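Shared between the two complexes below is chain A, which pairs with chain B and chain C, respectively.
For the complex of A and B:
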């Protein structure tokens, strides 16, 4: 029995230690961020903050939530996430259900959709199209262009295909229509798949920053991720609309940390609940027998 | 035969969206063959044949960006395949379900953070007075290392931060494959006196092979995708020589400098080669691992 050999036991101890370290490595940077956001300016500039706040205060959060630019950006992000996920899921479940069936022209249609995954017009033509459609500076520029994703469609089609045909046939005999079958049989039974795809789309919208910078000419219309990009990466603290004395009194790093943390919080909160779904969803979408 | 018209109806919304937002921009690819001026539009701009494409190979910055893209993307693909496989095998050796689940939950997390957030973390941790340098200077007593401003280190930093963000998520499929291996193989191997290492070598790895082949071949299609979101948020003019990739170059040369036709040509060049590579990789995955996308 290999479990009992000394070699395996030594390996096992190291393995446990290594895996716990790997897990912590994925989480400690965020903890560091949280500690910074709650620390005083002196502690941060003196490099004294690791994973525990030093000189505890919540000024950075008060500043963040009192900042109208931040709140506006948050509202834009929430709007685009709700709107975008609803539209995407409507389009995708309709098409996904249909394409999980056999009908004339089904393969042609499928390839028509999948081709968009293989080849695209690219950045400039997309930008010009959105401008020409008059979507620039509206929330639709953030919601509509990415509403259809071929990868998500494939996941859903594969999911719908796993539902036994007999269920559908029985419902047909009872006189149910396609639409009734979709909403009463397929949607409830493919909840893991739908939850997975919804999670991907939601996270995608929440995290998406480049389209905001590209399509919004005014920083006040930025979604949260784009706003953060200017503050955190470009270090453009002017977007925070703080007076010189306020900036001087607080650590820039602590404000940045607070903002990153607040913007990440919804993901950290939602994702443990959806984890069991997405693991199942990914595996069913990828490993087919 | 049941009526199938409702199925067509259900496909209409997707069809409309794809036509407008995916196939629509493809019309704009005509700009690649034009000296495009925004005020003249595609119909009014002057046609210049393949001049824009020739420029890709004349401009030193453009060829540099292509080389950088290849180096960064290939390194990411290699490291990004090996690390998840090794981690999945190691994690499957953990018998304590509580620890196993907790580790899994933690390592999946970074995948869901945006590159803006991760860049914020990296800029802070990897900075001259950041956490990593703090530790390194105390142990080795060396000068602080400028991870994000040194052209020699930038690619390394990009690959490592990419692995940090994505290895956990990449593990999911491998873990599922390992979980699906028939336990009787291991029992038989044990009766034959195989050590755990031999079991991994002769049972686990061969069982994972089809999945490894599929993922490796499919990643071939990403060879010109070095990750715009990541590089854009981490790079700066100091590291353009080794860190500028095709996508970031397109953004700077076209949208910021107004060379629309040229930028479109670079984009088309990239999409064209990617398309060929993806088709080849799907063919290979189908041939060697019997993989079909749908």
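For the complex of A and C:
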């Protein structure tokens, strides 16, 4: 605090105020959701809950965890995220390491990958492919199609490139093979990059819902995001006029809130552990020598 | 098979993982061409499977006893009693996802289910044109059981969307005239202000004015208003939070967003002259604060929360709406809701509402051979509606009803194994709504007239809240106000181009007038533009479709005359 000019202070106050507001904008919806999940049904349908529970009860949570569909979806999501991240990271680190070296045809290969970033087959071809491969109704339909993402590859390649070449040469002289170099030198050194990309993939898997609905013909196989999509979207449907039974079966707002809240927790919990790598992971790749 | 193996090789190369390949080698094509099943004593032997598509939110409500979509008390019942196993092979959550999945299934990448419930007229059209659905004119004539024929005879217009050149490609799912709308009013407010329920538009205005200005909840604050409804998607929602009564008061049978047969010609309700007076009224009321301030941003389902909170005094909707707003009786001490019929129009006639006849149509895979089995099963599903056979009281004891001390009960808390809420049978049955023949609420009307509750339907009706029962009774007494939309065909060519724009223009004009952002004359401009920008062509095309649809006498072909 050496620059205590008026302008600096004004800027600083403004900065604080702005950051606090931005923080609240992110935090308050979550708080509202938590309050709803702990409130009574009557109070919610009367729009009386803001940030503090009205008619406190934990029924919604009991019902949520007693719902076998919810638990199954949670399990599917966890499996999917772990499996998907592992497979993706395996492919990406292998490919990224190779592509960070100079060799013939590297640019052509790279171009191929980037091509997929810009153009995709579209919904119908993808669907026909997945069905023809017999992946429908299996967890592989969720994990495999997105396993290789060109954007993440570029991040990793750039990260690997920042590691001094001399390090690798020294290891060669000591008799290390490519795989040893990758696992003993590159991976530990590029932990920030790997953590960042992993987080991207993890969040991606956790949040993606459309593929679950598309490829699963049995709702008990839905991942959590697809499950929530059907639960939450339902209430906004306009064309339910005929379906009294559907209206009757509609889940209560407090249960929805509880489900959304519970489902965001795991990813919120993972975040702090990866966050310390985050800034470094993104920025380092961008710095060129 | 050859081609698939090649693909697999490619995939496995990319995957670099032997474990994955092993995991994927299952998924053989199920080629179970069962030996011909024969119908013997009302049961198929050996049992066979009818596959079906279903639009259902699988996560709303839940199964009990560890059951699932394809293994529950009803699927087991079908297998044991009829030798028919219903298997859902295509499932979509909401309407748009379901349509997407049906369209994807049409690409031929997988087998289309035998039975396809379709809820979108455009998709109905596309399915017929794809040639993948079966023509069932003969099948209906031959296999449809008589008591079901009687039902379809009453609703010939439900076949309009599925008829092409004198051939029938589908049938309505459980056609039935649904219940009408009633006016739910805060009775305690009426009583406190010494008012009676309004029956004309002037009385209605007095009541909502009093609800706004005379502090009906007695808390000394001006925090209440008269009438809550939704104007987000249409001024004719057709089910809850509906303002259509106000429009109908001035336009009679010409309801907004709806086609009406005016002496043999279909006309579009939103451009009828009376709408202008209706808008003028709503505009005044809005300015006075009698209406929901945010009516244009609230969907039908959201507009009711003000009522539940105790802020609004009147809401209109189907009789079961009471279930959704009765929490106000918990939230606000002394609150009480009563159901009343909708008001009369300015010329003394009743006001009209839109009615629904069916919930989509059944279509069938062209390779599906066993229509007889389908009708056998479909007929049994009607047992609960007719209070006959296996489903005399309900669909499954301990699920939707139970017998306790020789008494049939529909109250889930009194069950032998008490449940939190009644098990929604639609979740297990092969359509999302189970068939009904009760119309706009005949059973409630009968009960009110002293008929003894001795059938499943009557007992179930008698177990509802008194206000709901009143609502249904009113709905039945006024069933003549229910007007089905006369146009239920696929969007016409011009509609596909301009309809979106026209309805947007309509919605914006109406809302702006009510909000006072545009003068009342904007309605005249809207009508003029509507006709010029494609409306006239649409009217022509719609009438052409209507004449064609009623041209061939398919009802005779199907033996439904």
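One rule holds for everything that comes next: the second predicted complex is superposed on the first by the 252 of 289 C-alpha atoms of A that agree within 3 Å, B and C clash if a C-alpha of one lies under 4 Å from a C-alpha of the other, contacts with A are read in each partner's own complex, and residues count from 1 in each chain.
In this section, a contact is a pair of C-beta atoms (placed from the backbone, for glycine too) under 8 Å apart; a residue touches a chain by one contact, two chains touch by 3 or more.
Remember, predicted model here, so these are calculated numbers, not experimental data.
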**Message:** Output check: A:218 vs chain B and chain C. Expected answer is one of first, second, both, neither. What do you get?
**Reply:** second
**Asked** If you stack the two complexes on chain A, which partner ends up touching A:47: first (chain B), second (chain C), both, or neither?
**Response** both
**Prompt:** Which partner does A:229 reach: the first (chain B), the second (chain C), both, or neither?
**Reply:** both
**Asked** Which of the two partners, first being chain B and second being chain C, lies in contact with A:68: first, second, both, or neither?
**Response** second
**Request:** Give the label of whichever partner, chain B or chain C, reaches more residues of chain A.
**Result:** B
**Request:** Go through the superposed model and pick first if A:22 touches only chain B, second if only chain C, both, or neither.
**Result:** first
**Message:** Touch test for A:128: chain B only (first), chain C only (second), both, or neither?
**Reply:** both
**Prompt:** Touch check for A:177: first (chain B), second (chain C), both, or neither?
**Reply:** first
**Item:** Touching partner for A:91 - first (chain B), second (chain C), both, neither
**Value:** both
**Prompt:** For chain A, which residues lie in the overlap of the chain B contacts and the chain C contacts?
**Reply:** 47, 91, 94, 123-124, 127-128, 133, 144, 214, 229, 233
**Prompt:** Which part of chain A faces chain C closely enough to touch in the complex?
**Reply:** 41-43, 45-48, 67-70, 87, 91, 94, 123-124, 127-128, 131-138, 140, 144, 213-214, 216-220, 222, 226-227, 229-231, 233-251
**Message:** Give the list of chain A residues in touch with chain B in this complex.
**Reply:** 1-2, 5, 7-8, 11-12, 15-16, 18-20, 22-27, 29-30, 32-33, 36, 47, 50, 90-92, 94-95, 97-99, 101, 103-104, 109-110, 112-114, 116, 118-129, 133, 144-148, 153-154, 157-158, 172, 177-179, 182, 203, 206-210, 214, 225, 228-229, 232-233, 253, 256-257, 260, 263-264, 267-268, 271-272, 275, 279, 282-283, 286-288
**Asked** So in the complex, which bits of chain C are touching chain A?
**Response** 4, 7-8, 11, 15-17, 20, 23-24, 26-28, 56-63, 66, 68-70, 88-95, 97, 100-101, 104, 107, 109-110, 119, 178, 233, 237-239, 299-301, 304-306, 308-310, 318, 320, 323-325, 327-328, 330-331, 356, 358-359, 424-427, 432-434
**Prompt:** Considering the complex alone, what residue numbers of chain B touch chain A?
**Reply:** 2, 4, 6-8, 10-11, 13-15, 17-18, 20-29, 31, 38, 87, 90-91, 93-94, 96, 99, 102-103, 105-110, 112-117, 119-121, 123-125, 129, 131, 134, 164, 168, 172-173, 176-177, 180, 190, 194-196, 199, 211, 221, 228-229, 232-233, 247, 250-251, 254-255, 260, 263-264, 267-268, 270-271, 274-275, 278-279, 292-294
